[in-house]
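Right, I'll just put the structure down here and ask away after.
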Amino acid sequence: MTVDLVYFAWVRERIGVARETVTTTARTPADLIAELSARDPRYGAAFGDVSALRVAIDQELSDFDTPLENAKEVAFFPPMTGG
Amino acid sequence: MTVDLVYFAWVRERIGVARETVTTTARTPADLIAELSARDPRYGAAFGDVSALRVAIDQELSDFDTPLENAKEVAFFPPMTGG
Amino acid sequence: MRLSVQPDPFDMGAELNRFTNDASGAGAIVSFGGIVRDDTGTMTALELEHYPGMTEKAIGQIAQQARDRWQLHDVLIIHRYGRLQVGAPIMMVATAARHRKDAFEAADFLMDYLKSRAPFWKKEHGAEGTSWVDAKDSDEAALNRW
Amino acid sequence: MRLSVQPDPFDMGAELNRFTNDASGAGAIVSFGGIVRDDTGTMTALELEHYPGMTEKAIGQIAQQARDRWQLHDVLIIHRYGRLQVGAPIMMVATAARHRKDAFEAADFLMDYLKSRAPFWKKEHGAEGTSWVDAKDSDEAALNRW
């Protein structure tokens, strides 16, 4: 499948792009992280500590083992600091 | 002793005056209530249900058995409804 | 710290802005505003009686308790008395703190105490006469939270 | 119900007055305002990044949860993004209810959820460079209150 990946805050800075489209066989965000980290060390630097990461599938906060199904957009970012 | 009595809300309306000065031997607000109620039925109407009354001695919320000592001003009123 | 007991209406937004500007360094500002509400649809005015002298003293003590208990940059309390129109502001409190928890808790505390410990009494004026507003047991019970 | 995600500054007092006027029948108005705070004395600006699309969606869901849970006449949420100056407003929420308990709890709830569930990230700009603001464990823990 083809999915848009979007990154925010220091995740974006470490990966070096704000948005990219990838073709993947990953079935969950955890799979995606493993696949990308194997491709390039930039992803390892951004995804190294999963406890410091959050993921949204199609703009809904999700878990790392939530099935991607037909997701169009997956976002990775640090814990939010609004308010 | 001589003490100023002040009344608020429906206590004032039932007694018919907002302020009066009385000479009394009462040692507590409870004594004062008993003494006044014996003098005139207006006081009985105002002080009949002590659970619906509050008292302040020299502008500090007090109990009915707090000693009056050298109090200058004793106020009787219903439970407050500020805010 | 501004504590005002007054008959005149006030501009809640203007008071909030002035308070916020003066509380420099505070990250969190909480305000509460009370508005005259007509529950029955027949109220023409709300009359607030108070105990001049004791009112100012009680409000000062309540504000001081809040400042002793929470980390606050500043506190604002405005409370009106006299005859108020439906929809008019009755009173407001505002708290300024570094952290939102202090600002929220202190404002909530101030309201609970002003409700049951500041010497005000409300009388509703309506088409069919007047009636004193009874204190609620729940208001007295709310003090036990603190 | 006005929910706004915007780069521009806003006038907290004017927003509060408009909200109060529109919420006719409400007796209790609670507002929270967040102000850019310089804890270190070296901050030159605060930058807020957000996730366009998800931000509006998340704020709408949080507001709806509050309306489902408390008796509210109205809710206001304004949240800025972009580069903000020290002392400037970051965001505000306001709640209008018949009773003060609903207004206080709902505003407190909205703040806890906006803090940890709305996709904003803060970066401090200072003389010595920039740094991302870490989320606090206490902010995540605050959600368990509800």
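We just call them A, B, C and D in the order they show up, numbering each chain from 1.
By our rule, a residue touches a chain if its C-beta (ideal position, glycine included) is under 8 Å from a C-beta of that chain, and two chains touch if they have at least 3 such contacts.
All values derive from a computational prediction rather than experimental measurement.
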item	value
Greatest separation from chain D - chain, by CA centre	B
Whole-Å separation of chain centres (CA-atom averages), chain A against chain C	48
Distance from chain B to chain A - Cα centre to Cα centre, in angstrom	72
Length of the line joining the C-alpha centres of chain B and chain C, rounded to whole Å	26
Multi-partner residues of chain A (at least 2 other chains)	83
Residues of chain D touching at least two other chains	34, 100, 111
Contacting chain pairs - touch in the sense defined above	A-D, B-C, C-D
For the chain C and chain B complex, residues of the former touching the latter	34, 49, 51, 53-54, 57-58, 79, 90-91, 111, 114-123, 132-135, 139-140
Sites on chain C touched by chain D in the complex	11-17, 20, 24-38, 87, 98, 100, 103-104, 107-108, 111
Residues on chain B engaged by chain C in the complex (per definition of touch)	6, 8-10, 56, 59-61, 75, 77-83
